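Common to both upcoming complexes is chain A, partnered first by chain B, then by chain C.
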Partner chain A sequence: MSLTAVLIVVVAAVLIGAFGIRVSRTTSDFYVASRTVSPLWNASAIGGEYLSAASFLGVAGLVLSFGADMLWLPVGWTGGYLVLLVLVSAPLRRSGAYTLPDFAEARLESMTVRRAASVLVVLIGWLYLMPQFQSAGLVLREITGAPRWAGGLLVALVVAVNVLSGGMRSITFVQAFQYWLKLTALAVPLVFLLMAWRAGGAPGLSPQDAATWQVPLAGGKEYALYSTYSLILATFLGTMGLPHVLVRFYTNPDGRAARRTTLVVLSLLGAFYLLPALYGWLGRLYAPDLVRTDAVVLTLPGRMVGGTLGDLLTALVTAGAFAAFLSTSSGLTVSVAGVIAQDLLKGGVRSFRIATLMAVAVPLGLALQARALPVADVVGLAFAVAASSFCPLLVLGIWWRRLSTAGALAGLFVGGGLACAAVLVTIVGGPYEGPANALLAQPAAWTVPIAFVVMVAVSFLTPHRVPPGVARTMVRLHTPEDLNLDRGDWRPRSS
Partner chain B sequence: MSRHPAEGAPHEPPRPQRTPRMSRRAQRPPDEPPRRVAVTSPRTAAARRPRYPATREIDEQTHLGEVYMRSLLRTQFRLAMFVCTVLGCVVCGLPLLFLLIPRLREAELLGVPLPWAVLAGLIYPAFVIGAWLYVRQAERNERHFADLVERP
Partner chain C sequence: MEYLVGVAVAAGLVGVPALVLWRVMRGRRELGTSPAERATFETLHTASLAGPPLRAGLTADGAERASRHLRALLGSSALAITDGERLLVYDGAGEHHAGQAFEQARATLKDGRTQVLAVDCELLECPVRHAVVVPLTTDDRVVGTLAAYGPHASAGLVKAAQEVAGWVDSQLELAELDRSRTLLMEAEVRALRAQISPHFIYNSLTTIASFVRTDPERARELLLEFADFTRYSFRRHGEFTTLAEELRSIDRYLTLERARFGDQLRVTLRIAPEVLPVAVPFLCLQPLVENAVRHGLESRNGVGRIIIVAEDGGAECRISVEDDGLGMEPDRLRRILAGEIAPSGGVGLANVDERLRQVYGDEYGLVVETGEGAGTKVNVRLPKYHPGVSAR
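Up next is the complex of A and B:
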């Protein structure tokens, strides 16, 4: 039954992708379509694209394994939108940028900074895609016993076909529907699980778990305080630098709507993230053998409810998980492929096709090769890279006039470079002994401050490299659209 | 209407059409003090009205326009920093509280362990309320700015 559910989701995604061709194709279609979309739908679409396998499966798995300290992960993934709201959302929409490289070009008036941003977008996108494919393999193995590579390959193929046929990207309603599907797929089974828990006499945790697992900073991981703070920094500041999130902000008609949409996103994510922690808690009670497997969400309905109802609920959860893989992977692939085609290849349809294959193949290869890390941990690394490269670029670019081209470049290079190096060392080698492991597995606490310091210091040293049009750009970024002001004539290159 | 002889001299800039009164004044001998005139309108109105609307000051990047822009940026940045500071205190304070006051880790709120009640529940509505207050204030700041620069 679960396999049927997966097939339905996959076929639906392909069909929608195929019919999406005729709906809309270009940036401006995307833009025009947005005029008819309310903030609620827009926010649902952002939520649908944002809630990946890491949220759907990973959080519950990590909570089950490591306890209360992991509750910070969904808190950070939601709180990141609050930081994004106050520092970035309206100015970013007003900049008119369609991608992060667009913003870099608009603000710093430099093609070199644009290219550096493009490379980072690709790296972050790959890092984010890899665990999606890994989790797909896990889920398919769970329901059919297929080898681990099969699920990843299936999702990669569907995504590639989908993106190549031109669908998925612009259909706000499809992405919006994905959010509600994911919410339902977690919430409905949870109701039955809680009913089963009550019917079973509402048991509590074992005394040992109640003393350590349930308590923050009380065991589980080494250097828990450092890791907690580093995780908080990475998630709160990394959200604004995710490539597939930014594109969705473009669908808001103006900066004011962008703020309101972010507010709704925050509510939707808050509602969703109430659920995985409960799964983790119930999992600790009923399935403590699933430590470090990410499988708790899929397994619990079968174990706790059982029978036909259990099968149905498992099918629902599995469908939700596949929806999570497909929506996040499609959004990421489109963003990554767009950037590869436009900034690293020659541009045009042929380049976009090659770029799509590159965007999917590299993370798929990584997913098959790399050691199996928990999905939420790898996604956490992607956040760390985003927080130490794009966060300083966006925050300083929007609020600080004296940011120079050289400063931005140096900050992206040092911050992004250090974070990427830490990630690479963690994924390929590791785990390491002692404090080095914590420092490398959660690099944000040291890479983010370094990136900010480098960007500011180099900007002070190179005042002559401050872009000449900065005053006009500031008008563009910060003034409400209904004022009749000269905002310059920069436009993003159509993609 | 007669012309003063000096006016035709080449070093004089060409003048637009003059009123009869202007030419009469030009005919006055240089040592006589200027004729007194009654001021019929208070100067205050003239002083308060800027030469251009402020949007044009901003467009032409005059000093005044820069002042307007800096004031907008500063207000919005202060608001953003305020929210971020409160958020930072809450988010960074919680682990510290749990570390320093072990009793808090095991306290319970309505039967739920306190850390779970906060981190897996209460913090989300708090985020939404904070965001809502921010959006309200940021839009208010923008309205003030619009009123300021669009005032006739």
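Up next is the complex of A and C:
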């Protein structure tokens, strides 16, 4: 039954991709068509694209394994939008940038910074795609016994076909639907699970778990305090550097709408992330043997409810998981392929095709080779890279006039480079002995400050490299759109 | 296997920057081997360095940046450039002569003739003994002077100064050309704003008049649409607007046209809401829709169908305006777009095409699919982000 559910999701995705949603309108209801996407729809779409396998499966698995410390993951993944709301969303929208490299170019007026940003977008995208493919393999093995590579390959193929056929590009309504699908796929089974839990006499945690598992920093993990702070830093500051999320902000008509959208995203994600935590807790009660497997969400309905109803619920959860893989992977692939095609290849349709294949093939290869880390941990690493490269670029770029081209470049290279190196060492080798393991597995606590310091220090040292149009750019970024003000005129480029 | 991945990743991380570096270095490698070839290359290179600063016209900033290279071309001890009113730059030895430079140039500014002057100087070591002042002209008008200073006023220096001045003239003329092209473009946009066809105004008003008695409410609505339409089209500020605004104006236009033609005009719109915030050049779609309406109504059965589509395409937005009218010879269309023959009415396609190319580059020109009797489809691609383009 679960297999059927997966097939339905996959076929639906392919069909939507192939035919698109073609709704024709006559002029009589033109105003309906010309209305921009509302913050609620936009926020749902962001949620649909953002909630990946890590949120859907990984969080529950980690909470089950390591207890209360892991609650910082969902908190951070939501809280990142708070930082985004306060510091970035409206000015970013006003900059008119569509992608992160666009912003780098608009603010620093330098093609070199743009290229550096493009390379980082691609690296972060790959790092984020890899665990999606890995968990797809896990889920497919769980329900059919297929080998681990099969699921990843399936998702990669569907995504590649979809993106190449031009579908699922960024249809807001499709992605918005995905959020509600994922929410339903977790919420409905949870209701039955809680009913089963009550019917079973509402058992509590074992005394040992109550003393260690549910108490923060009591799990006996090495350097737990450092890891926690590092995780908080990575997730809170990394969200703003995710390529597939920022692209969605462009759909907002102005900065104010961008802020509203972020606010709605905060509440939507807050509601969603309650669920995996509960799954983790129920898992600790009923399936403590599933430690370190990411499979708890898929297994619980079968174990606790059982029978046909259990099968149905499992099918629903599995469908949700595949929707999560497909939506996140499509969004990421489109963003990564766009950047590869535009900035690293020549541009044009053919480049986009090659770029799509590159965007999918590299993380798929990594997923098949790399050691099996918990999905949420690997996604956390992608956040760490984003936090140590794009967070300083965005925050300083928006709020500090003296940021120079050289400073931005140096910060991107040092911060992004260090974080990437740590991530590679963790994924390919490891685990390591002693403090090195914590430092490498959660690099944000040292890479983010280093990136900020380098960016600021080099900017101070190279005041002549401050972009000439900085005053005008700042006015654009920070003045509300409805203020009537001279923002500078466009002039044809003189050579 | 882990090591293999590690090695591959390391190779990628080292290889890509190395490749980029290599390509940059290769571009800088010097050409030519024999002394003559190298001298030619160096002269051309110096000239190419002096060119860009002068392309903004005869300004103090541009003259200052170009002067060093121009002096290298001339091989003189010092060099001065003036415009019609003052000294722009004095570059090279003998800075104390800078004060006299404009006085020396006065005669040349007046009659446009080359002068050779002796310069008095008490300092023994000063190399400035003679000056060669040559005029800089644009369209036979003297706009400035170039003075070369040296110990001797050799025939060679005079000849070199005249040649360099001629080269500077051509750069200044290019600057003038740039400027007039910009002015022309601005004038064309202004013309386009004023170009709401008089027929359209007349027809709209008569259509509205016909409703005044029979359906006053509708007449009032149409009048308001008409007012909004003209306000948008005549607005004075901003080169760019959002696609949403542009489409709203098109909708008003179509409402008025449909009030007039009724069932003869069938319009279908398919607009992806994601692309509505895209910044577009002001009035870049309106002429296309007007064309489509005109051609559509010319179709054989008298019923015009128009399809307007705006789709999201990743980093760009794709718009097409299609009609089922008579179409036209592709060859004739090419000549209209090239500006060789004037189209039957309005500024239309050629202007839109030109503006899109100027703003976004040549790869973003209009793509028109048409044939005799096969209707017309005009495709526009607009990047979602382009440096300097902003709707507000």
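Just so it is clear, the second predicted complex is superposed on the first by the 469 of 495 C-alpha atoms of A that agree within 3 Å, B and C clash if a C-alpha of one lies under 4 Å from a C-alpha of the other, contacts with A are read in each partner's own complex, and residues count from 1 in each chain.
Heads up, the rule we're going with is that contacts are C-beta pairs under 8 Å (C-beta built on N, C-alpha and C of every residue); 3 or more make two chains touch, one makes a residue touch a chain.
In this text, all values refer to a predicted model and were calculated from it rather than measured experimentally.
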item: Which superposed partner A:164 touches (first chain B, second chain C, both, neither); value: neither
item: Contacts of A:150 with chain B and chain C, given as first, second, both or neither; value: neither
item: Contacts of A:270 with chain B and chain C, given as first, second, both or neither; value: first
item: Partner chain(s) touched by A:453 [first = chain B, second = chain C, both, neither]; value: neither
item: Touching partner for A:354 - first (chain B), second (chain C), both, neither; value: neither
item: Touching partner for A:90 - first (chain B), second (chain C), both, neither; value: first
item: Chain B versus chain C as contact partner of A:225, first or second or both or neither; value: first
item: Touched partner set for A:187, first chain B, second chain C, both or neither; value: neither
item: Chain B and chain C contact sites that coincide on chain A, given as residue numbers; value: none
item: Chain A - residues contacting chain B, complex; value: 68, 71-72, 74-75, 78-79, 81-83, 85-87, 90, 214-218, 225, 228-229, 232, 236, 256, 259-260, 262-263, 266-267, 270-271, 273-274, 277-278, 281, 399, 471-472, 474-475, 478-480, 482-486
item: Complex contacts: residues of chain C adjacent to chain A; value: 1-2, 4-6, 9, 16, 52, 55-56, 178, 181-182, 185, 239-240, 242, 244, 247-248, 251, 254-255, 258, 266-274, 276-277, 279, 312-315, 358-359, 384-385, 387-392
item: Chain A residues within the chain C interface of the complex; value: 22-27, 30-31, 33-37, 96-99, 102, 105-106, 109, 119, 166, 169-172, 250-254, 334, 338, 342, 352, 366, 369-371, 424, 428-429, 476, 481, 487, 489-495
item: Complex interface listing, chain B residues touching chain A; value: 55, 58-59, 61, 66, 69, 72-73, 76-77, 79-80, 83-84, 87, 91-92, 95, 98-99, 105-106, 113, 115-116, 119-121, 123-125, 127-128, 130-132, 134-135, 138-139, 142, 145-146, 149-150
